[in-house]
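Down below are the structures I want you to see.
Here come two complexes built around chain A, the first alongside chain B, the second alongside chain C.
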Partner chain A sequence: MNVWLAFSSPRICRALGPWLPLILFAGCSGPQSALDPAGSEARIVGSLFWWMLGAAAVIWAAVMAIAAYAGRQRAQPWSDRKAGRFILICGALLPTILLAVLLVFGLRLMPALRAPGEALRIHVQGEQFWWRVSYEFPDGARIDSANEVRLPRGVRTEFVLTAQDVIHSFWIPPLGGKMDMIPGTTNRLVLEPTQSGRFRGACAEFCGTSHGLMNLEVAVLEPAAFDEWAQQRRTATAPPPHPGQALFLAHGCNACHTVQGTPARGRIGPDLTRLSERPSLAAGTLPNDAASIERFIRDPADIKPGARMPSFTHLPPSDSADIARWLEAL
Partner chain B sequence: MTIRLTLRRVAAALCVLLLGGMLFAWSGLFNVAATGGHWAATDWFLHWVMRNSIRTYAMTSVGTPPDLDDRALLARGAGHYAVGCAACHGAPGEPQNPVIQQSTPFPPDFSKGMAPWSDSELFRIVQHGVRFTGMPGWIVPSRSDEIWSVVAFLRAMPELSPEAYRTLAHGEEAAHRPQGAQAGMDALAMPNGGVLSGCASCHGRDGMGRDGDAFPIIAGQSEAYLLATLKDFASGARQSGIMQPAASRVSEQQLRDLAAHYASQPRPVRPAAQAASAADEGERIAREGIPAQQVPACLSCHGADGVARNPALPRLEGQHATYLAAQLHAWRQGVRGGRSGAVMEAVANRLTPAQIEAVSKWFAEGYNP
Partner chain C sequence: MTHANDAGRRAAQEERLKTVWASPPGWRYWSAVNNTEVGRWYTVTAFVFFLFAGALALLMRVQLAVPDNSFLSPQLFNQVFTLHGTVMMFLFAVPIFEAVAILLLPTMLGARDLPFPRLSAFGYWCFFIGGVFVCGSIFFNAAPDGGWFMYPPLTTDTQLTGIGADIWLLGLSFIEVASIAAAVELIVGVLKCRPPGMRINTMPLYCWYVLIVGGMILFAFPPLIAGDILFELERMADWPFFDAARGGDPLLWQHLFWIFGHPEVYIIFLPSIALMAMIVPTFSRRPIIGYSWVVLAAVGTGFLSFGLWVHHMFTTGLPSISLGFFSAASEAVAIPTGVQIFVFVATMLAGRVIFSTPMLFAAGSLAIFVFGGLTGVMVAIAPFDWQAHDSYFVVAHLHYTLVGGMLFPLIAGAYYYAPLVTGKKLSDRLGRWVFWLMFSGFNIAFLPMHFTGLRGMPRRIFSYPSGLGWDWLNLISSVGAFIFAFGVLLVVWDFLFGLRKRAAIEGNPWNAGTLEWISPLPAPEYGFRSVPEVRSRYPLWDQPKLAREVGEGRWYLPDAEEGQRETLVTSVLDGEAEQCLRVPGNSFLPMICAALIGASFIGTAFHLYWFSLVIGLAGVGAIMVWLWRGTALIPDRQDSKDVGRGLRLPLYVSGHKSVGWWAMFITMFGDMTAFISLVFAYFYYWTISPVFPPPGPDGAPLGPGLLWPAIALLLLGGAWGGMLLARARNGADHANGLRWALILSAVLALGSAAAMLWAPWQAGLNPTEHAYTATVWVLLIWTALHLVLGVLMQGYCLAGSLAGKLTARWDIDIHNVVLYWHFAALTGLTTIAVVALVPLVA
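Here is the complex of A and B:
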């Protein structure tokens, strides 16, 4: 039975209605919640949020109490002097003190947010509608990737944020941020993850028709695991032989995509090296499996309206299936 | 005696007229025979309506023409006229077929001269045809470049001698084609050898085309690409009012033979005019693309190893720059069609007209794989 039918009954609506706002609490935790911090920046901002929420609750209660007092029937008019003093204290003095305390509290948090990163730098460029990711190591070596960032736990990592086409905004709520990505400008953001695990970021500035489909996979690894992964990526190895590779090159996919260890070195679209590592496809839009890859190849705009990749409906179906199987296994 | 006009009487009279007219039409007494033609008054009225319509629409719907004295444009128009138009309208030295002359209205015989239409009026007629006359519209009305080529030829035709016309329409192939006593009928006289001869009229037997850049070079093109393109022309998937009629009257086996023939012709690549400088923008676009505009490198599909990798993709070296540029512009306008249309449409839309010109020129003259 359709559960929504229950809501067609006014009695049930009346009974359930007051509890519906509880749904909002679903945002209090999970891989994309700023209220469930897993990084030192997010924790700082989170504590600021809770202090402000607590103070706001106290002020709200006081205002309500005064309103209730003023609404009493036997209330007597105040003298001008008494009323004037009340307005001065509650309308000017108290807000000034509260806001000053908040300002000092906030400013004291900022140096910690601005402290420089250590060692690793990650360049992230916003594009319609995906993330170009490039890891820069202290020795100058680079690893290119897309739509996923991997971070070592407990290390302050600097993000160098740019945009190619329009304004995007980089936000990984559990770790901290957000920071706008503006064409022609380079913004920096330092994040220190304190818990390992998988998290999720999103573009936080409307950037076009598929803005809502521009998500970022985030993996925080233990430092040793991160180093091992980085070492593997830095020694490029050719993928195992598969007929999909020749077809990938024959149909010109290499014009836009790079797959390390093959002749494919295009830089226009996302780097597809070791695509299978990523938990999702098309910036958090599809599960990462051969069927989804093939669906995306044949008609990207069907999945992400406005995507810059043209459709490849002209490929023989067996070719697109082979290419998808090869990419899935990378 | 006077009859007072009332609303009811007028309505009744109109009904009687309408019913009478329907009765007359149903009776079949109206003679639709083509023999005998129109009454002079009817003929004048119908032509008056036609001329007015063409004049008005030519003023409002026709764009600016290219250079109509261009020899390449003339040759293209003449090649199509010989197979598409001459059968009804005659041609210099090739009078109209007497069968055609028995139609009402009969098409004007251009071997005897032409009414003074303006260029834009000719364009309008060729583009959309004329209703109730048998004059068809262009198969792809959006291909104004093709329509202008016919207009360019029509302007020049009254001045052409029969020999000049045959050379303009058939090139060197004119020598192989019978001197048609009646226009447009020579193809019937050569049923089999005529297929290649028909292609060769414009593209040459060697696939190199003629009259400068009038026709694209198809010599040595990938066989799979040629066959796919011919099939696309025949089905209309690739949009052309000139190539669709040419390709659709040929059997599939003949299309295969033609693709094999032209693929096997040697493709002489012109020596690069001078060592292309590193500053050549066209070369840079072809080799590296324009990352800032998200334009991929042309050679990743059309390079020397690109052709070896995938015979479905055309080779571009030595092709006429004007032809390459025209294809890119057609993609920008969404009127080209073809098999990888979505890909090339995306690429072409990211190029500026100056970049299109530069990269086309480099493939025509600078690329020597």
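Here is the complex of A and C:
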């Protein structure tokens, strides 16, 4: 590891805070901030950014100082020879050296950042406007989910990124950079979370009307907690009986949605198994409670314009409320 | 001759110049083609589009000022940001370069006009019609909404994107044609219309930049046009170029778009730097230091700018080796850019700088652009770009480069050149207000965006929830945007109303050294009272008597005795006088042609194919009339003329001395670039396909076979030979030989075109089946259309010969058409080699 990476970026952020009012004002933290890293790639790139920013500030100030000096009246203007040397040194030589250094530094980071992943592999497919998620374990077992990824802390996890409809881009800023999901192409991205907690990702490539409502919940768990959760999910159990389940099937929701342990096996829309685990609904658009679920069922396009799900305004209110309560409790 | 007599003679000369170059009164004013008029319309129209796109930006900033805002619906927001980017790039940034160049270039070159005034007017009307069409769509809720780079498959899906995508593709293709027309005009202008004695290495730096940027347009826009053709074919005819399920690839569009899109950034930036290269020496009161440094650096920037397009695609999953290469190339382009900036600083250091409003904006430009350049160096490093890409960091970066590198120099140029165009100075007091409002507003708006982006805000989202740390940053940005907008409005106010009250100024207001300041203010329509011989880079500083001599009409072309518009043509490198060129005068034809061709494009967007075909043919007919009546004009009484000082110049030259030959040559370079882009698509599919070409039903690779392509090639060879024969017969003054050779060549060419189309048809290649078959069809159709166009030109020559317009003495047309046929033959040879031989090799 390079020496300069020893300075973790939050420390630099704190050190700079008092000096730059804007940064003080803005801060660096947030569940979706690349400057508040919780993963090794984000930390390395964050440090790279602060170093580059520092160097850029120095260079900018130097150029401005020279320009200010040049703009002042002088008793004796520089000779042509001196001015020519100035162009050669400041305009050509110095930038060439600085850029070469930066390039070598920056590109040397790439192999480490692009190193292959370890045991767990997560398939994520971008959809308009949600994420289809499938965990693949070394033994070949699969867990399907949507709109949330759970990761074990300290494990280099490989994401296999695809798309069917249009181009999307998978981005969890606190963990690392983004990777596009392109129809016809399979891209891979490896992320290594270093802190447990909840984070937020987003689709970074414009993908249609509700591009702004395509967000991703990210939970980084301690490895033991992750294993426990995975074990639970791998042993599918039927949800407790509830009148909502029958209504869900009766109204045809199962044509598009899967709920494990029930006959609902649709693959068109998001998997709703254990929906209650997810902190939000509709790819980070609504809070995950019965009222929001019902609102979404009745008129998805009102919340998420362009969403493929048809509206169910024709349902009797009691039916939609029952379905919502069942889903909330899953 | 008495003194009074002399003065009277001069006054009469001046009066004749005025009459010949005057714009017509009343409604016929709009038939003007002179560069002073067209340049003014162009500039004003482009600036109006800028204000329109700026208003769209303000709508976005209102929407994003607070979280969970519902000021704009997502549908409308998507149209607004798409149109903002599209209009700023295609209807403001590039056209304003062309506009300013058309306005200023002749005054810097001692030319009375550019070599093809009607082409300038045609370009302007194309731009106007296409621009109004694209902008107007938003008032019908039908604007494009897929982002200004229109990535398929979102935008090729006619369900997801409606008519807006067609409006984007066809409206902008139409404008791109106008851009290329302007580029041809400007390149020929710089190369051939300099004053006698002005060698290429003494011309003003602005002209160098125009030459370089014109060349870049010629190589950058055609790939986009090629991409547009593929795109529109997929939308309208379901040819699957970008459909991964049928062998296509959405990434091909990204390559074609950014091969255009990155040079585009420098196409925008270099002309503004060119204005700085004029302003800085004037206010440093000395010649620029390192003239050749600037030229080399500008050429280097232009060259390198074609090798960095992949840095827009760092997150598409390309292999690390490509990322490394394009990271390095992207860093490298910073070096020539830096050289140009330091040349300006060095010129200031070696001069005695006087403070002025243009210099204030130049300083602001430096502060903003250098910052944008430094963030550009950051995003060029691939690992950092993985975070910054498609976030507000990139939005901030690109605005820093474009506003600092383009808008601020442009405003500096507006303050500097206002006296030349209007005869009055803009207010310095107000200018300071404008500057500080724009400068502070810009930084308040865009500096926080770097942090908004790194705190995770993707671009192009119509709203955001609170609690992510974006709220205050966005609110500050919105406030800044309005401060910035207020500054822009203030300068508009000064142009519209403030100028009226101010007194006219005379002479050379900034005491500048270059030729454009030699004329009375505002510069008259005829430009120069007489065209001087120029031996220095700063003639007004080095030749103190020059202004008086020019003003008294003591130099070349002081008169317009025959009532013709005339300008001098010189040799490309040394500026030796070669010809007195008569340029055509005012006409509604360019406007009519633009309207017909424009209607054809617009009709296609609405799927009115028959209407488009008929009106498009009418447009081609109108262009023929225009060419017939306005080009290769045969001088009436004499074939040479005394242009003054005992210099006698021919009025008619052909071959590579004529401006028309150069225009054809340059146009065909652009045409070949578009063709090569299509060939690139073919080979791109080869690289991405496991089996190429895909096997047909019988298991053999699909292809047009060998027989018919071979026949097509033979016939094409014959057609090309026929053209060489035609030119030789014409040279021998053998009119019948010329005519028969033309007819023979045309018959062979049509046969060749038919064989080209028959080949894939008889082989049963279905273009909707696979990207490969579609590409084979596109290449063959492209080539066949070029042959048909060549036949049209042969018909034109035949008619010319029959009408006595084309003879051994008056032979411009045949030389230019043969030149076209060289390129057409090359296109045909390449196409046949690719489509017929690759299936054998692969």
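Quick notes on this structure:
Just so we're on the same page, the second predicted complex is superposed on the first by the 302 of 330 C-alpha atoms of A that agree within 3 Å, B and C clash if a C-alpha of one lies under 4 Å from a C-alpha of the other, contacts with A are read in each partner's own complex, and residues count from 1 in each chain.
Following the convention adopted for this analysis, a residue touches a chain if its C-beta (ideal position, glycine included) is under 8 Å from a C-beta of that chain, and two chains touch if they have at least 3 such contacts.
The structure displayed is predicted, hence computed values, not measured ones.
In the overlay built on the shared chain, the residue A:A255 is in contact with chain B alone; chain C does not reach it. By the document's definition of touching, of the two partners only chain C reaches A:R72; chain B does not.
Residue contacts after overlaying the shared chain place A:G39 against neither chain B nor chain C. After overlaying the two complexes on the shared chain, residue contacts for A:G266 are found with chain B alone; chain C is out of touch. Once the two complexes are overlaid on the shared chain, A:G117 sits clear of chain B and of chain C alike.
Judged by the number of chain A residues each one touches, C leads among chain B and chain C. Contacts of A:G244 after superposition on the shared chain: neither chain B nor chain C is touched. Of the two partner chains, chain B is the only one that A:F312 touches; chain C does not reach it. Common to the chain B and chain C contact sets on chain A is no residue at all.
If you check the complex, the residues on chain B that touch chain A are 289, 291, 294-297, 300-301, 306, 309-310, 313, 339-343, 345-347.
Looking at the complex, you find that chain A touches chain C at residues 22-23, 25-36, 41-42, 44-45, 48-49, 52-53, 56, 59-60, 63-64, 66-67, 69-74, 77-80, 82-84, 86-87, 90-92, 95-96, 99, 102-103, 106-107, 109-111, 113-114, 165-167, 169, 171, 173-174, 176-180, 182-185, 187-188, 200, 202-212, 284, 305-306.
For chain C in complex with chain A, the touching residues are 73-75, 78, 145-147, 151, 153-154, 157, 160, 244-245, 248-251, 286, 289-290, 293, 315-317, 320, 323-324, 327-328, 331-332, 334-335, 338-343, 345-353, 355, 359, 363, 366-367, 370-371, 374-375, 377-378, 381-387, 389-391, 447-448, 451, 454-465, 467-470, 472-473. Taken in their complex, chain A has these residues touching chain B: 246, 249-252, 254-256, 266-268, 308-314.
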